[in-house]
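Shared between the two complexes below is subunit A, which has subunit B as its partner in the first and subunit C in the second.
Now for the complex of A and B:
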């Protein structure tokens, strides 16, 4: 292997990349789009849930209960209902997610100290949101009844993400998803494109070695990946206010490891399938989708059925999501993250090996 | 003279299809060696086997003394190759392509600079060095491809239909470049389906359906029929061909433009009988003369002698 030939390939690849608007868009516009989409638009937090109120008590106490709901920030009153008959239609038409019914004797029973039940009906068609809304509502009602409440009251405190902002867990995980996309879309094209255009035949007739082609093609994409990671980390820190508590050096090193694994996998797929269309689809299926669904990025791995949990073991993004969250939020180092780091190392070495093996300089 | 390329019983199958069938030949150093034949004759497959791009199914071949089966970097440093379709990088400029191949062939520093200048001059593209390659006319692209394939001054050059689809003037210019390289001692193996180009080769391998049907100097091949060809101008050429096919003393008859070419067993006898034979078919002879056989005549006659039809 000589650096001269490797460098010639890397240089050629980066010139081509620079002149290809489609690749540039994939390399920079898509990550930016994802960052905005996940950072702003998609929030897993529940806020301003639509609440309808049927206040049959019309008392000072019932007004206090409603204002406790609205002042929590989790609910806003979208409708004041007049009759019990309206409750069902309100939920049916989706005008409100939940309906709070306060019975006529509410104030009276509250004053009596024997507990004053209220009814909360929830639209369960979005189970996640309904569950969260129910928990919030129960907590508010329990707090309101305070004096008559349970004798033992748990005082919970959340660590690492004190305000339970989903953004704080999304942005670190997003780095893994973004890099999986680059691998899926960019490197999957490169070798297949050369076979399709016939340039591989000319390349294959030169003394250039397989390793020089594969590593030479990898280099420019690693550079793009680094730019994307740095941009995503900076955006997370400066735009989305996600705390970065751990070691930047460790984050950089492990990101590089993940990059090499993901990009080499794309090269492997490209070399093995020799068709841009097939390679892109295969790469999407094998890297991007698992990174999105099976990495713990959105869906908690612990909450998955056992078979899916086992499947996540071969998803590199799973380990990288754990790493970014650990470094960003918990300030943990290799002493804790070594199993994940080791897994990434295995994936990186394996993927480079596969790419080298599957790329042949012969035509048939 | 030492042998640049030796092929012995070279065979390649694709499934059950025999693309190249037991081809043997030897190419001397400094020779311009041509493969002539229609599409599908096995020229490209033969060249791909010699360049190590395709492993032979049977037989063996050595290029610059190295077995093509273990075509490592050592062999590839000795050869230049231009594939059938244009296969440089269209999204790179002329100069970037030249630099890329210089780098792939391991050139650097002053030598790289010198060879870059040389390649630009050879291709006559010095004032187009910053043009994107895809924007060049095909003939110019092929000159550039030749420049790139010879950056490292390879002693042996493989050109697979380098002038296919290129206009005649550019073809002439391209062959000047090949001559120039051959004069410096480069061995050139070139395939073509243009008969007039074949004349520029020192020796020609005629190929049809994967087989080597003749191998000799162009002049010797033309004389191989042993008889001149009768060239006939008539009022209805295609009818005349029908009338003469299979007629007594006629080996082969074919249409060349408006002219009918008749390959006779005995030229004098057939020339004498022709007007009578055509008159019987209601055709008229406007002009009849004997000419030296062209390579195409030879090719057609040889294929006929083999008992088959040319693919193409």
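Now for the complex of A and C:
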């Protein structure tokens, strides 16, 4: 392996990249663009849930209960129902997420001390929001119980993200997910393209070795990936003010490790399948949905069945999500992140090895 | 020249043969979606279960132990570790070994038994804000129940007796809500991957120019590309729906009168999106990347994981152009609530409009962009 030949392959690949300026522009624009779009758009902060009220009591106490709901900020009253018959249609039509029914004898029984029943029906078809709404409602009713303070007072604190601002967790995770997907996409077509266009035969006629081809092809994409990560981190920091508490150097180093792993996986897919169509599909299949659904970005890995938890061990995005969140929010170093770093190292070495193995210069 | 059905059928047949000829493509088309559904069906759970809880008990009595047990018996939490030192909790949260922490102060039992207010400290890993939000709600309820059970005089004196019921999904099982979303995702992915490279590949190979000199008209060309993919997608959708219903026990209350038109329109829209990307791209690489640029927002801004109601108003408007949003609304309403066409015609109409507009754009691009190389 000579550096001169490796450099020549890298230069050739760079020239080819420049000849497809629209793809190159997409490669640079996609991560920051999507990050800004999603950073603004998505939030898990549930507020102003639609509440319909059927107040049959029409008393001072029932009004106080309703205003406890609205003043919490979590609920807003969208409809005052007149008859019990309206309850079902309100939920079925999706006009409200919850219906609070206060029976006629509410005030009377509250004063009598017998436990005044109120009913809440909620639309469970959006289970995510419904669970949060249910917990809020229970806490609000519990708070309404009486003037005497609770016997055991829970003092809750949220660490790393005091206000539970969902953007703070979404942005670092999103950087990891977007990079996982784009990395495989950048390289998945490179070798397959040469096979389809017939330029592989020309390459085969040169003295270049396969390690030189694989590493030479990798280099320009690593450079693009670095620019992407830097742009995404800057966007998170400057546009969204997400705190970057940990070491920037560590983040840079581990990102590089991750890029080598993900880009080499793309090269492997490309070399193994030799068809751009198949490589596209395989790259999407192996990176896209796993990075989105199995990385812990949205769905907690701890809540998955054990076999699936084991399956997530082979999803590199999982480690990168843990790393970006750890460094951004928790200010942890290698002392904590070494298993993730080690896993990425194994992936990087493994993927480069696979790419080298599957890349045969010999023509079939 | 008029559009000929014969030519469309001929092209569609050729495309179908080409797609199904390769064993690897057949596997990707038919086996992959089922495998993915099985995998992701287990993954898409947002209700918390077995959240790792680290306990620091400075009190160490049976009373404090009962509070810890109250957490574990709900199933929402599992004991990830205990210690009598506060800094062990910090380390557990740092390392991600625990997502929640409970610290019981010394003198807790004496305070509870004397009827004096006692405080416990709850800590949550906000880096997982999704889990933290839900876990926090559970924890506060558990502590509240615990306290009320020990309050002198019983539970309901002077209190409100809350009776809560969830409709359509009584256990609030999040999988029932999320699996229909995964179905929509897999179908969209299939439609896009099978079409996004379809036109640009012929352009790169030069076979598009050959087609252009044949009597084949652009609408015939597009229909010929659409029909085989639509057939495959319908078969796949049917198969994965059956798997979702039988394997995951997702209730299927949907009237076919709603599911059929909505599914067909969604599939056609997905194909039209792919064809539009393909007619606009100059290289397969570009088509692939554009597809990614389109795919991720279609999923993230569809209401699948992130509620649309929580988005800024501008984005709520933007999502109206997203076919996945409408299809998801139909699938969820139809699967879970058994809602009929009268409640969903807005979504179905929106799908039709988006589909027709996208296909129209693809047709326009095909005619005006065919000179490009």
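Convention: the second predicted complex is superposed on the first by the 329 of 364 C-alpha atoms of A that agree within 3 Å, B and C clash if a C-alpha of one lies under 4 Å from a C-alpha of the other, contacts with A are read in each partner's own complex, and residues count from 1 in each chain.
As a working rule, a contact is a pair of C-beta atoms (placed from the backbone, for glycine too) under 8 Å apart; a residue touches a chain by one contact, two chains touch by 3 or more.
This is a predicted model, so every value here is computed, not measured.
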item	value
Clash-or-fit label for the pair subunit B, subunit C on subunit A	fit
Partner chain(s) touched by A:252 [first = subunit B, second = subunit C, both, neither]	neither
Touched partner set for A:292, first subunit B, second subunit C, both or neither	second
Touching partner for A:308 - first (subunit B), second (subunit C), both, neither	second
Which of subunit B and subunit C A:7 touches, first, second, both or neither	first
Which of subunit B and subunit C A:20 touches, first, second, both or neither	both
Which of subunit B and subunit C A:231 touches, first, second, both or neither	neither
Which superposed partner A:326 touches (first subunit B, second subunit C, both, neither)	second
Winner by number of subunit A residues touched, once subunit B and subunit C are compared	C
Subunit B versus subunit C as contact partner of A:207, first or second or both or neither	first
Partner chain(s) touched by A:280 [first = subunit B, second = subunit C, both, neither]	second
CA minimum distance (subunit B, subunit C), superposed complexes, angstrom	10
Subunit A residues contacted in one complex by subunit B, in the other by subunit C	20
In the complex, subunit B residues that touch subunit A	14, 48, 51-55, 73, 76-77, 79, 81-83, 85-92, 96, 99-106, 108, 145, 148, 158
Residues on subunit A engaged by subunit B in the complex (per definition of touch)	2, 4-5, 7-9, 11-12, 15-16, 19-20, 197-209, 361-364
Residues on subunit A engaged by subunit C in the complex (per definition of touch)	20, 22-23, 26-27, 30, 33-34, 37-38, 40-48, 65, 91-94, 110, 113-132, 134-139, 141-142, 144-146, 149-162, 164-166, 168-170, 178, 181-182, 185, 188-189, 193, 196, 273, 276-278, 280-282, 284-285, 288-289, 292-294, 296, 298-300, 302-305, 308, 311, 322, 325-326, 329-330, 332, 336
Contact footprint of subunit A on subunit C as seen in their complex	22, 24-25, 28, 32, 36, 39-40, 42-52, 67, 93-96, 99, 112, 115, 117-134, 136-141, 143-144, 146-148, 150-151, 155-170, 172-174, 176-178, 182, 185, 189, 193, 196-197, 201, 204, 281-286, 288-290, 292-293, 295-297, 299-301, 305-307, 309-312, 315, 318, 332-333, 336-337, 339, 343
